[in-house]
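Each of the next two complexes has subunit A plus one other chain: subunit B in the first, subunit C in the second.
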Partner chain A sequence: MIDHYVPAASTFAPHIDDLIILIGAVVGFWGLLAEVVFIGLILKFKAEPGVKSKYVSGELPKEKRWVSIPHYATLAFDLLILVMALRVWHEVKLEMPKPDETVRVIAQQWAWTFVHPGADGILDTSDDITTIDELHVVNDKTYQFELTSRDVLHSFSVPVFRLKQDAIPGRIIKGWFKPTMTGQFDIQCTEICGIGHGLMPARIVIETADQHANWVKANTALAAVAPAAPAPTPTPTGGMP
Partner chain B sequence: MSAAAATHAEAGHHDHAHHEPGFIEKYLWSTDHKMIGFQYLFTGMLMALVGGFTVYAFRMQLAFPGVAVPGYGRVTASDYNALITTHGSVMIFWVAMPVLIAALGNYLIPLMIGCDDMVFPRLNRLSYQIFLVSAVILMASFFVQGGAFGGAWTAYPPLSAKAEYSLTGTGSSMWLLAVALEFVAFLLGGINFVTTVMNSRAPGMKMFDVPMVVWMIIIASILFMASVGPLVAGAVMLLFDQNFHTGFFDPAKGGDPVLWQHLFWFFGHPEVYVVLLPAMGIVAEIITVFSRKKLFAYKTVLYTAVGTGVLSFFVWAHHQFVAGIDPRMANVFSVTTLLISIPVAEMVFVYIGTLYGGSIRLTTPMLWALAFIGEFLIGGVTGIFLGAAGADIYFHDTYFVIAHFHYTFFPIAFIAVFAAITYWFPKMFGRMMNETFGKVHFWGTIIPFNFIFIPLFVLGTRGDHRRIYDYRHFPDLMKAGMQDLRILATISLLTLLAFQVVFLVNFFVSLKKGPKASKNPWNANTLEWVAPSPPPHGNFPEGLPNVYRGPYEYGHPDRAEDYWPQNVEGA
Partner chain C sequence: MPRTSNFAPLIVTALAGLLAQGCVRPDGAHPTLPGQELFRACVACHGTEGQGTPSVAAPPIAGLPAWYVEAQLGKFRSGLRGYHPDDAEGLRMRPMSRQMMDEAEVKAVSEYVSTLALKPQAPTLTGGDAEKGKAAYGTCMACHGDKGQGNPALKAPPIAGQADWYLLAQLQKFKGGLRGTNPADVSGGQMRPMSLTLADEQAMKNVIAHIGTLPR
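After this line comes the complex of A and B, so read on.
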């Protein structure tokens, strides 16, 4: 349903979508039922001349049932949602599959810097490719990202991956994704970061291995003349253990 | 009675009959709880105009980017940030809080518990004066160099901590100072409310005879007092970071920006319930009166309110799931967050249950109270998506959050407040409001309200993230239909704002020309309806009432009338 509007382009995106649909079904059903009962009672018990209201304290067990049964239903469905929600959370934020490659994402007012490992697949070597506002990745490859910020809080959001993580100055936060389709999509900054917050769009380019190899080749020549971006200095804390 | 009367006599206000107070003494320097309630009410209404104007300006920019907004002009990126920050701060801290807690608490508590004034009337006056200063400081920040603060109402550092990041150095400090002063004002008010209800209840009024709205304001005041400390401490640290270059939140100096988020939300989440509970209380009063029913399970409502309050201290980090906190913490905060749905849902069930077997009259206040239940329910269930950590990864900081938030806060800050104003207006001003105008205003508000926020749910699900002044920079957010939804939301907002004129006309014309109200026009049970409309200084000229029973004895089988006021003797 959601991928009709926003493609689901990572391995965990369909799981997040399923979770959202599950919650939608549960709260949709119960919410709608509550609204129907509520409006039904209003219509049924509209004042009529000569009809006095009933005197119900709501303190007897027989009457309290009307509240306690929905109460336990809420609890049971809360538990169901919790289990499903935390399973997805663990997959996205706590498990870290062994990465094929690592990219560095550096946010600042108001641009994104992406450091790609280049042909050797290793960061902080002379063939690293640094780009502004454009991240190039290969479809079907597992990536680890190292996220940091140079100034204020930012947030690295890739809606097609259903991925979001705040960037904090002074920290490197690690995470992962594995794209499942090629194409070009938005990267957004989703934490207010000053007057240029709305001017921080970037794009993620998901390519086939061949396309990516060509892109690497075309850009390595440039990287050789320009000095590699210095690695961020802060010690890695936070993020995945 | 004793403490209140003693302080009162000392203040020299009981010799009231001997001289006519001047304008300032009567309206600005009064220690009468009703006048202080009005001061808060009218200041809150004035600030609501500010909150309404700011949302008008930035929603116009979102629907028609780059166009000069009539009455404002072009909205630049920095204007946009200042507008959203001011809208959020004003609506929560200078509209919802003062009107729901301070105005209604001040006005209703002494009347509903049957005493002549607050225990500390001069503390009460000071509370309003500090509040007024805080509002003036906030408004003045628009006119300083750099303009008003634009770091959102959550004021996350480092953006809020350094002028070179926010570009609003003076505005940021003024915003923080205003917020801190506002909290001091409510702290003073809260002390007063709790002490008054503990000490000055009418003879015979036991704890479980206290009307629900009074209970709710007391629980809310206690929640506020218990949660505000960390935020005020944080605000002082942030002021130091801004002005003396300390490094509480600066990683380069050994600080941590995320610390602020913990302090802010440790206050910020209980704050939701600080304003929700009084709104729930208002609704309890109104649905019982207009369905002529005893409140279903009075004690259950009370216990769920206390339970909600206690739980609300353990959910704050659900605002920070993706903020860089230890991701394992989501395991705990998802659980507490989903658990809090239970007492809140239970309160809603109780209110729905109260309608059963009633004799329901759809007066204007009743329509508002019922609309509160119906709309708040939507706000409640959509919160589940955000409390469930896995789904929050996607929804965090999107318009889905905004829509959810407004489905809770609009019912709290406006629907419940309109219910309260239309219900207590006859008591407050001694005149009736016009029902036809009231209903036109009701439908003219409720229908557009839904047409503002349903499109925002859709936009959020489609990926619109918050606090962006022009979506044209994002190709994926300019797909077919998305701008149409933004325009629909804005047009609905314009409609909603236009219908508020109906309310203002009804309010001010009724104030002067409405038909005179009797003591108890709604045949209600609670003690404020024993006093004359409007009550004079001292509230109960025929002597303070005695209380014989709980507040919700409607439709009692032993009685011919379908109501049984708390002060009327009888088996």
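After this line comes the complex of A and C, so read on.
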């Protein structure tokens, strides 16, 4: 349903969509029902000529039910949402599948630097390819990313992956994704990072293995000319906050 | 309550729709905003009078020739400048330049910048020897002129009167390959080997000290 508007291009994107729909359905149903009951009661007990108002203390069991039943329903549905959310959280944020490749994502005012591992598939070697505002990945490959910031707080957001992760200066935050379709999609910063925050878009290019190999080949020569971005120096901190 | 109030949401929606229509800028159909208005995008860093803000490494731009501002904005917009991961200031300027919607807006804001009065720049660097720098300036003179007045024919901007910290930063960027290494950046490519003739930071400070003595 959501992917009709924003494609779901990662393995975990459909699960996040399902969670959003579940929360929307639960909250929407009970929210609408509460409004219907509320408006119904207003209409039922509206002022009538000759009818005196009555003070209701809410102490009788039949009166308490109006509070206690929604209260227990809220707890039950909260528990449902919590269980479903933890399952998705565990998959996206706590699991770290063995990556096929690792890319480095460096945020700074107001640009994204991406360090690709090049033909050897290993970062911090001479064939690394550094790009500004353009990340190239292969469809159906598992990627680990090392995210850091050179200046202030940023947030690495890839809407089609349903991925969003804060970038914090002084920390290297690791995460993962596995694309499920080819194409070019938006990357954006989703943490106010200064006057140019709104002007900090980038693109992710998801390619087939052949397309990516051609891209690597074409850019390896350029990488040899332009010095690669220095590796972030802070101590790795493991999982995502 | 007056009967018309029932239509209030409808009226508000219609007005919002009209307002949104005013924001639509179909390709080629929008009027170019005046340079003064476009310049508002620059003031946060370069100052209300284009005097520059050293604390954010934004240089003074007031009074720079329109052709130079236009050329540099073009380079930032196309990625010929502000492309290197270590060029933090360039990477900040790159998206800012793209606030100009098209070439006409770039031209308009460049012309406005050129009309701003040049602001005198107080020296911030110490240790430069203007006498020694005078000899080294011979290399610069061929393009930038004996008085640092620049030469549009060679796409060399005026450097007399420019902030010394900015000149040092740019010389270091040229020399370090952060600027002028893109093969498509012809004038930047010409400047880079010139920067390599300056052996170290002291040599740069010397030549900048000499530039500081040139009138503008």
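Side notes on the structure shown:
Everything that follows uses one rule, which is that the second predicted complex is superposed on the first by the 237 of 241 C-alpha atoms of A that agree within 3 Å, B and C clash if a C-alpha of one lies under 4 Å from a C-alpha of the other, contacts with A are read in each partner's own complex, and residues count from 1 in each chain.
Here, a contact is a pair of C-beta atoms (placed from the backbone, for glycine too) under 8 Å apart; a residue touches a chain by one contact, two chains touch by 3 or more.
From a predicted model like this one, the values you see are computed outputs, not experimental measurements.
Residue contacts after overlaying the shared chain place A:Ala76 against neither subunit B nor subunit C.
When both complexes are overlaid on chain A, the residue A:Leu19 reaches subunit B alone and has no touch with subunit C.
Once the two complexes are laid over each other on the shared chain, residue contacts for A:Gly31 go to subunit B alone; subunit C is not touched.
Residue contacts after overlaying the shared chain place A:Gln109 against subunit B and subunit C alike.
Applying the stated contact rule after C-alpha superposition, one finds that A:Ala85 touches subunit B and leaves subunit C untouched. Using the contact criterion defined above for the overlaid structures, shared-chain residue A:Gly196 touches subunit B and also reaches subunit C.
When the two complexes are overlaid on their common chain A, residue A:Ala218 makes contact with neither subunit B nor subunit C. Set against each other, subunit B and subunit C differ in how many residues of subunit A they touch, and the higher count belongs to B. Applying the stated contact rule after C-alpha superposition, one finds that A:Leu163 touches subunit B and leaves subunit C untouched. In the superposition on chain A, A:Asp151 makes contact with both subunit B and subunit C.
Comparing the two complexes, residues 109, 151, 195-196, 199 of subunit A contact subunit B in one case and subunit C in the other. On the side of subunit A, the complex with subunit B involves touching residues 2, 5-6, 15-16, 19-20, 23-24, 26-28, 30-31, 34-35, 37-39, 41-42, 45-48, 51-59, 63-64, 66-67, 70-71, 74-75, 78, 81-82, 84-89, 92-94, 109, 151-153, 155, 157, 159-160, 162-171, 173, 185-186, 188, 190-199, 201, 234, 238-240.
The part of subunit A that touches subunit C in the complex is made up of residues 106, 108-111, 113, 130, 132, 150-151, 195-196, 199-200, 225-230. Residues of subunit C that touch subunit A in their complex: 44-45, 79, 83-86, 88, 91-92, 94-96, 98-99, 177, 181. The touching residues of subunit B, counted against subunit A in their complex, run 76-78, 80-81, 150-152, 156-159, 165-167, 251-252, 256-258, 291-300, 321-328, 330-331, 334-335, 338-339, 341-342, 345-346, 348-350, 352-362, 370, 373-374, 377-378, 381-382, 384-385, 388-391, 393-398, 461-463, 465-470, 473-477, 479, 554-557, 562.
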